[in-house]
Structure formats: structure tokens, C-alpha cells
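Each of the next two complexes has chain A plus one more chain, namely chain B in the first and chain C in the second.
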Partner chain A sequence: MILLIDLIIVAIVLMNLMMLSSSRIRTCIRIVAVEGILVGLVPIIADINSITFSAIISSFFNITLKGFVFPWLLYRAAQEANIRKEVEPIGGYALSLLLGVILFLIATWLSTRLLYVKPLFSNIVVSVSFATFFTGVLIIVSRTKAITQVLGYIVLENGIYLFGVSLLAEQHLLVELAILLDIFVAVFVMGIAIFHISREFDHIDTHNLSELKDWIKLKQE
Partner chain B sequence: MLIKFIIIVPFVFGLVSFFINKDFWRRALIVVCSAIHFFLTGLAWLNRPDSGLGDWFFLDNLGVIFLTITSFLFLGASIYGIVYLADEKRKFDDEGKNFSREAIFSGCFLLFLSTMTIVTVSQHLAVLWAAIEATTLASAPLIYFHRTKRSLEATWKYLLICSVGIALALLGLFFLSVSNGSNQGNLVLSNMIQTPQGMNIVWLKAAFLLLFVGYGTKMGLAPFHTWLPDAHSEAPSVVSALLSGALLNCALLGILRAYQVCLAAGLGSYCRDIFISFGLLSILFAAIFILGQKDYKRMLAYSSVEHMGIITLGIGLGGQAVYGSLISVIGHSLGKAGLFFVAGNIFAYSKTKTISEIQGLINGRTYYLGLFWMVGFLLITATPPSAIFLGKFVILKEIIFQGRYWIVFIFLTALALVFIGMARIFLSMTEGVTDNKNPNYSFGLRFFVQILPTTVFFGLIIAIGLYFPAGLKQQLETAAKMLGGF
Partner chain C sequence: MKIIQIILILVLSPFLSGVINRTKAFFCGRKGSPIFQLYYDIYKLLLKGAVYSSTITWVFIAGPIVSLSAIILAAFLIPFGGEVSLISFNGDIILFIYLLGLGRFFTVLAALDTGSSFEGMGASREVQFAVFAEPALFLSVAALVRLTGKISLSEIFDTINNSCWAEYSPVIFLVLGAIFIVFLTENSRIPVDDPNTHLELTMVHEVMVLDHCGVDLAYICYGSAVKFWILGSFIVSIILKTKHIGWGADQLIFILAMTVLAFIVGLAESFLPRLRLLKVPHLLIVALALSILALTLTFRGFK
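Then we have the complex of A and B:
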């Protein structure tokens, strides 16, 4: 089982890097879907000897939401808003990928500094969870389309979830479901917002969301 | 039982009001629900209820203060809001349909109340987290009420920045859980406070930092406050009042809960330094941005950043300043909500948010508008006998008592800058020759109903400033003790 778990975790790292280097929105959605399924599988496979009811339920909801419901929602949003490609990020995709690798190294360093409890399984899972978290933040900051920012938010949540399952023996099922429900509603509301942005601005480029600011106004004075 | 009711009533009423087509009944529902909520909150003061839900939900001395403020503000906002909705109605064309704009507004308004109630009563930190995230989601449609490009921009920033911030807090929560190890009753506040021995300090420190930054984003502490002026200026004024007066407090409560755990684990001084630095930074940021402000609702938003900074600073100082902070929480909520209500009327009258386009409010037929605007200014900038003065004074006294004169210097300089900046804006709007911009605006019954909550709020601030009731004092003192005061 250790081998399988490690394989999944390495696959998650690869998904992160792929996410950072792809420009087509649909590909990005698919990558996030696969990553969601992989992350959802982790608790089941890790616990395979003593599998609990709540682990199954939580995995089930995670996989359904992140693997199928979110991608479907975002697919529709992308279709409705008629977007195919993300705008080139500052510095291009190569730099983005490089930053992703650097963030992975930082995450690995950070996890060796912080660790006092051994993860329940696999030695690399904590560093990968941090790296996934950082990747999510990087996507939100560097990409301009609203829909990609939502994808970044989901990646970030995946990282947090992975961290949660790797170190905490058991959370209350109700708590986990409440957290999941929140994320679901968040993505849902953001999806609605994307519809509205595409209708108001004819595209979902957040560069256009720049009427409200104070720094520029101060400089002009 | 009472706690269950207090959460469920607005939740059910909120869901129901999505489906009501008749405007009259929907508006009546908002007011009735807010009144019931306020009544139940009053009962909670008389007889501290047991939730019947174990140690996950429990109304402690700190929670009851925040619950009362929230409930009271919602009651005022519901009265103000129904007149506002009736006025706005003429602009829409979706009357009588299911899920009309107003139905979504009413539903989200009550769900917002319900989620904030959960924040104030939950003792399980993960439930608290879920409730705070839910407040973001319930209030996003409220900010987008006008459906303009600018309000969309504000809503998007609010959603994304707050969601990412709160995701950080979730990571902090997991850190806290790790630090707590395999102790029983993980993440239940009372358990963590009673048995802090087994906690790992390094993880706890990291957890507090993440929770502080995460909830601090939502609370509007600089430099994570960037969503706040946008959302406050683009939302309808009644929503801005709730965001400023109630929502920021709820996020503060999230930080305070984490602080309670750290205090029990002996990390007091570590946390206090964080509180003081971010508090001072927020006050300074607000002072700078108020000085050059051109939009009066943004100015009020920055004033909220300033007050959140003052409150955070007071909690960080410890001692009596915690008590001062809690007074400031009450004063700021009432004062800022009242000011946003008046700002809403000024906007309805003048149709502009630009400061330079408004003058002479206090001269001519807009006399009451100008009067309340001016009174609100004096109260919020802590002119005695405002309760805010009391709060700031207690905080200042504590700083001097501790001999930290560099904080006194920064604190007073920033407050002076804020006062100058706000005085310029308020005076230029109220003084001068009236231009009688909107002769059609009526100062009749509707205006009277809308100004009523403001009158009560302002009256209460002055009343608390003049005479501090013994019951309230005792309540605040016990709450301050929970936060390392005295």
C-alpha cells in the first residue's frame, strides 16, 4: 500500500506542475478534476486495513464534488462565457513552471522544519500538501481569468485537505462535511459570479476589474 | 433549546423568503424575524441557555456581547432596509417573479443573520470556521444587489480575497489540531483551554499566525484589508452597515477564540506582539487613505479599518485595554451602522458618492441629514460623551501605564490624522451653500422611519458614554478576563 500511496502523491505533484504549464481552460479543468479524485482517494487507500465509515463517506463526497460536480459547473461556465485559453501570465508559462518547482522545494524544506509528528503514512505527503497549497496561491495570483482563479482556489483547498488527512487521525464527520459544504457553495457562488462577469464585461479577464482602487488615485493627485 | 431557535428561526425564515412573491409579506417577514431574533437574544441575557448540543454550541460571556450587537444591528437594518427596498423597487422590472432581486436580497439577509449567530455561539473552532466562511457566501449576493459593473468587481474581490483568507485559517485550524495531538475533544474550545499542557508550541504558534492572517483578512486588518473599501462602497448602505458593524466583529471573534487557546497555553506575549503590530499598522493605513479620500462611503470603510486596528491594539496591550477594546467594539458597531444608514440617505438624495459634489447639507431642507451626518462624525471620532471616547481613553491610559510611549506617539498621531481627514470631508459636505440638488426627495414618513434606527444607535452610544450600566460593565469585565485583561 505504501507504494500505491506514494504513486498517488507523486501524481498529485505532476498534476500541479501540469496545471501551471497549461493554457487551455478545459485542460486545466480536467487536471483539477483528476487531482480532486486522487486527493479524495488518499484517505481510503491509506486506511485500507482499518477502513472506517466516516472515511468512506468523506472520500465519497470529496471525489464526487471535486472530481465531477465542480468540473461540470466550471465546464458550463467556460462554455457559457465562451472562453478557451488563459492569457499568457507575466513571465510566461516557463517561469510559472519554474516558480512551481521552487515552491515545491520551499514546501519540502518547510515540512522538514515543522514536523514533529510523523504523518500517518508516506514521508512526502506533508511537503506535497504544502506544495499544492502554494501552487493554488500562485495560480490565483498570476492568472487573470476569473475561472482560472477559481481553479486555483480548488487546488489550494486540495492542498489543505491533503494536509488534514495526512496528519490527523480522525476528524468529526460532521465537521468535514460542513467544511466541504462551504467549499461547494463557494465554488457555486463563484461560478455564478463568472456568468455575471462574462455578461457584463464580454469576457472574464479580471484585469478589467480595476475601477475600484486607491493607490492610483493617490498617485494622480 | 434557545440557542437552537436563535439559529434556526432566521435560517428557516430566510429560506422561506426566497419563495415569497408578495413584497409586503416578504418585507414583513424580515422585520418580524429580526424582532424575534432580538427578543430571543434578550432572553439569553436573562437566563444563559444550555444548547442541548453538548459543548459544541454554548453562549459564553464573550459570545453574548457579539450576539447582542449583531441582533440589534439587524433589527435596525431590517427597519431601514424595508424602506430602502420599497424605494429601490421602482427601478426593477422583475416584480412578482420567483427569485426576484428583492427575494434574493431578503433571503440572503436572513441567512446572513443566521450564519453570524452560529459564529457567536459556536465553541467548536471548526464549526466557527465553517460559519465564518458561510457569512462570506451569504453576504456576497447582498453586495451585488445593484448589479452594476462596479458592484460586480467589488463582489468578486470580496469572494476571492476572503475565501483565500479563510482557507488560510482552515490550514491554521489543522495546525491547531496537530498541535493539540491526540487529546480528546479536538478543537473544542473549553477542552483546549482546560488541558493546554500537551500542546506543541511550535505548531500552535504557526496555527495562531495562520488563523490571525486568515480571519484578519475578513476583519479588514491592514495590509489584508483591500476588499473592504470596495465592498463597503459598492454595497447598498444597509448592507455596508451590517458588514462593518456585525461581520467584522464576527471575524474578530474568530481571532479571539484562537487567542484564548494561546493564552491558556502560555503564548500570551507572542500573540500580543502580533496584535499590537497589526493594530498599529491598520490605524496608520486607514489614516493615510482617509486623508486623500474622495468617496464618502470609502472613507467610512477606512474608518472601520481604523477602528478594527484600535480594537486589535487594545487586545494586544492586555490589562484594562482589553476592556476598552470591548467598549470600542460596541461603540464602533452602533456608530458606524448609524453613519452608513445616513450615508445611504445622502446617496438617495444626492445620487452621488463623490464628496466634492455635495455641500451645504445642514443648510436648507436637508437639515436633518446634515445634522445626523455631523453628530455621527463627532461620535465616531470619539468626541465625549461618545462611548468610543471611553474605549479609546481606557486604551490610551493602559499604554501610558505600561510606559510604551512610542505606541502613544503613533496612536495619537494617527488618530489626529484621521480626525483631520474626516473633519475635512464631513465639514465640506455639511457646510456651505446648499445646492438643493434633488427637489423631489421627500423628507416625510419614509425618511423618518429610516432615521429612527440611527437615532436609537446614536442615542445609545451617548447613553453608554454617560452612564455605564452595572450589568453591562460586569459582562464586559468577565469577557475581558477571558481575553487576558485586568
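Then we have the complex of A and C:
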């Protein structure tokens, strides 16, 4: 099963790159859903011979939440806010794709520096989890629509989950479920927030949000 | 035996273009041109003389000759059906890639030499694509070299077939993806360039050869057919696991696999839209990204 797990991990990297280079919101949501399912499959496939109860629980919640619930919530948010395409990100899609590759290289270098980190299965899983983490941050920083930033947030969590699964054999269930609950609430709230932003301002471009100021401050000026 | 292989490559190359055209015709519901059409075309063109503009220099005349000979020399280096290629030495991959580069360089120079603005435009686009396609090919080959520890084409393909597929298939898939995009680009196939278009504003490869005629055009048509074969056999040699049943059977399987590849390209041309010109570098950056990933993964290794 070592081969299958490697294939899945490489597929996760490819999903990151696809995410960085696609402009349609719906495609992005679908990519994040597939990535969530792939990441959720990792603990089951990693040791297929001795599947523990905690691995099944963790995968189940991961796959249902990231693969089905979040995409559904975000689909609805995108539909209600009536957005289809992300505007051109800072630097363009080609540049952000190249940045994604550079981040993967940095992540690989970083994973060679961590001498005491011994992953339980594949050798590349640590670098891939860092790369996923960085990709999430890059999406949050470089995209302007609020909904894509939420997607970046989920990608970031995928990275954390992958890192946790690869290192902690026994105790990761509790931590993982707590984090999942957190992001579930966060995505839920953000979905509502996106709707309200778009209803208030006719768009969800977050650049303009930084111009909002305190009412009292405005009065003083 | 090796001489027969080279003759097979040189004779069979134009046949693949017929396969592609027939596939496209089938999916359009047309009857299509005969499967040996390119042979007739080349024969017809060879009988004709050439007309040269008064503004050209020797570069224009040398262009098709140099690119055809570079491509044929590259064909000597490529292994065929699991056999060792005619010329094989350590590091021949670098010569192989640069021979393709030399061919392109002279096509571009010849296009610029005509002084036509359309050809200049085509040349500029071709070079713009090559800027991304060439590093992608180089890095994928570098990944294969890292994977196998061999530095000659024949040995690389032999080692991949025997041992690498089981352990390193993710890397090989990434490399195949990158090489396939480069293959479509180099042969000016559909997502990148449309071989059938004759609208100057959107042509890339075709516009560069617009001023060539007669024997020169025959050289160019034949050269691109051979180029399709050699880059295609790069892909087929990675995928196809040669069984060494016997010389004849091996060759036959390989030729069949090449035909299937041509059929797949025909399928892609029937169902994919052509990319907008501004989007093409993006596709090539994807190829570059895939090859960089593959190379990095070989350095990291699997457990």
C-alpha cells in the first residue's frame, strides 16, 4: 500500500497547484472538496492492515465535513452572493502557480531540516503537508474575494491535518476533532458573513473592507 | 538491425499524421483525406522547384535543410522498440534536446529572414513557447536521470521499464504529464497551436513556414513528421514495457503503440478547444511545474 499512499500524497500536491491556477469559484470549491476527501483517506490507507477505530472516526468526519458539508455551504454562499469568477489575483495566475512550486521546494528543504520528525509512512508526507499549509496561506494572502479566502483557510487546515496524521499514531483523534469543530464553526460563520457582505456592498471584494473605520474616528477627522 | 530501425522511423513517420487526420475526420463525420496523404504531398512538393524572394539571404535557404538534418540526427539517438539506439553514448540526452533546439532555432531564423511581419510574429510566439517548453523537457529528463542513475537514452528507458514503475510511479506520471504537454507544443498540436488554421493572426508554426515552397516545404513537412515520431516515442518508451519476445514482435508492438498515440492525439484534437494565445504560456508553466515537482520528489525519495 506504500505505492497508493504516495500516489494520494502526490495528488494532494497537484490539487494545491490546480487550486492556485483556477479562476472559477465553483472549480475551486470542487478542488478543495476532492483534496479534503484525499486527505481524509490518508489515515485509513496509511496502515490498511491494522485499521484502528480512531482512524476510521477521524477519516469519516474529515471526509463528510471537508468533502461534502463545506462545499455545499460554500456553493450556497457563492450562489447567494452571485459570484462566479475570482478577479485576477495579485501577480496573475501564472505567477501564483510558480510561487506554489517555489513554496513546495521551500517545504521540501524545510522537511529535510527537521531531524527529529520521523513520519510514520511516506517520506514525502511532511514536505507535502508544509506545502499544503503554505499554499493555503498564499491563497488567503493573494486572493481578493472573501469566499476564496475561506477556501484557502480549508486548504491550510488540510496541511495541518496531514502533518498531524503523519506524525501522531495514537493521540491525533482528539486534537483533530477539536480542530475540525473549530473550522466547521468558522466556515459556517464565514459563509453567513459572505452573504451579508455581498448584500451590503454588492460585492465581496475584501480590499474595500480595509477602508471601513470606526464611527468615532471618522467623526473626529 | 539498428539500420532497419532508422529506416522504419524515416519511412513510417508521415503515416502517423495520416492516422491523426483520419481520426479527426471520423469524429467530425467526414471521410477525410487518404491515410497516406502526407507521402503524396511530400512527393508532389519534391518534384517542384522553389521560388525565393529577393530580400532573403542564405539563412532562409539553410533553414529547412538544417532543421531537417538536426531532426534526423536526433532520430538516430532515440531508441526504438526496446532496442539500443543507433548512436548511444553517455549524455546523449543533452545532444538530443539541443538538436531539437537547433532545428527550431533555424526555423525561427529563416522566418525572420523573410522580413515579413507575420513571420516575425510567428517566430516570436514560437520562441516564447520554447522558453517554457525546453526547461520543462530538460527537468523531466533530469528527473528520469535521477530516477535511473543512467545518462544515456537507451539505458534510461531500459531501466525504467525494468525496475522503476513499481516504486516510483508517481514521479513517472508527473514526468509523463510534463512531456506530453511539451510533445503537443513542439509538434504544434491543438491546445497550443492548430495545424489546420490558416489565419495569420492565430498561426504559430504554420506562419513561420508560409514563405517556403517546393522542396523546402517538403523538408519542413517531413521534418515535423519525424519530430512527431521521435518525441512520441519518448512517451511510448516510458509507458510501454518491452517484453523482448523477439525482434520483429517488439518492433511491431512499438509501431502499434505509436499508432495508438497518434490516435489519442487525434482524439484530443477532436474534443479539446484550442487555448487562447495568452493562455498557452500558462499551460507550459503547468508542464514546468510538473517537471520541477517530479525532480524534487526524486531527490526526496520514497520510503
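The rule is short, and it goes like this: the second predicted complex is superposed on the first by the 205 of 221 C-alpha atoms of A that agree within 3 Å, B and C clash if a C-alpha of one lies under 4 Å from a C-alpha of the other, contacts with A are read in each partner's own complex, and residues count from 1 in each chain.
We take it that a contact is a pair of C-beta atoms (placed from the backbone, for glycine too) under 8 Å apart; a residue touches a chain by one contact, two chains touch by 3 or more.
Keep in mind it's a predicted model, so treat the numbers as computed, not measured.
Superposition note: with chain A as the common reference, chain B and chain C can be accommodated side by side.
In the superposition on chain A, A:185 makes contact with chain B only, while chain C stays out of contact range. Of the two partner chains placed by superposition, only chain C is touched by A:108; chain B is not.
Annotation: apex chain A, arms to chain B and chain C, angle 150° (C-alpha centres, rounded to a multiple of 10). Contacts of A:127 after superposition: chain C is touched, whereas chain B is not reached. In the superposed pair of complexes, A:160 makes contact with chain B only, with no contact to chain C. Between chain B and chain C, the partner in contact with more residues of chain A is B.
Of the two partner chains placed by superposition, only chain C is touched by A:6; chain B is not. Contacts of A:21 after superposition: chain C is touched, whereas chain B is not reached. Of the two partner chains placed by the overlay, only chain C lies in contact with A:97; chain B stays clear of it.
Closest C-alpha contact of chain B with chain C, superposed model: 19 Å. Within the complex formed with chain A, the residues of chain B that make contact are 124, 126-127, 129-130, 133-134, 136-137, 140-141, 144, 147, 149-150, 152-157, 159-160, 163-164, 167, 170-171, 174, 177-178, 181-182, 186-187, 200, 202-203, 206, 229-230, 233-234, 289, 292-294, 298.
Chain contact summary for the complex, chain A toward chain B: residues 114, 116-117, 133, 137, 140, 146, 149, 153, 156-157, 160, 163-164, 167-169, 171-172, 175, 178-179, 181-182, 185-186, 189-190, 193, 196-197, 200-201, 206, 209-212, 214, 217-218, 221. Contact residues on chain A toward chain C in their complex (touch as defined above): 2-3, 6-7, 9-10, 13-14, 17, 21, 93-94, 97-98, 100-101, 104-105, 108, 111-112, 121-124, 127.
Interface residues of chain C facing chain A in the complex, by the touch rule stated above, are 166-167, 169-170, 173-174, 281-282, 285-286, 288-289, 292-293, 296-297, 299-303.
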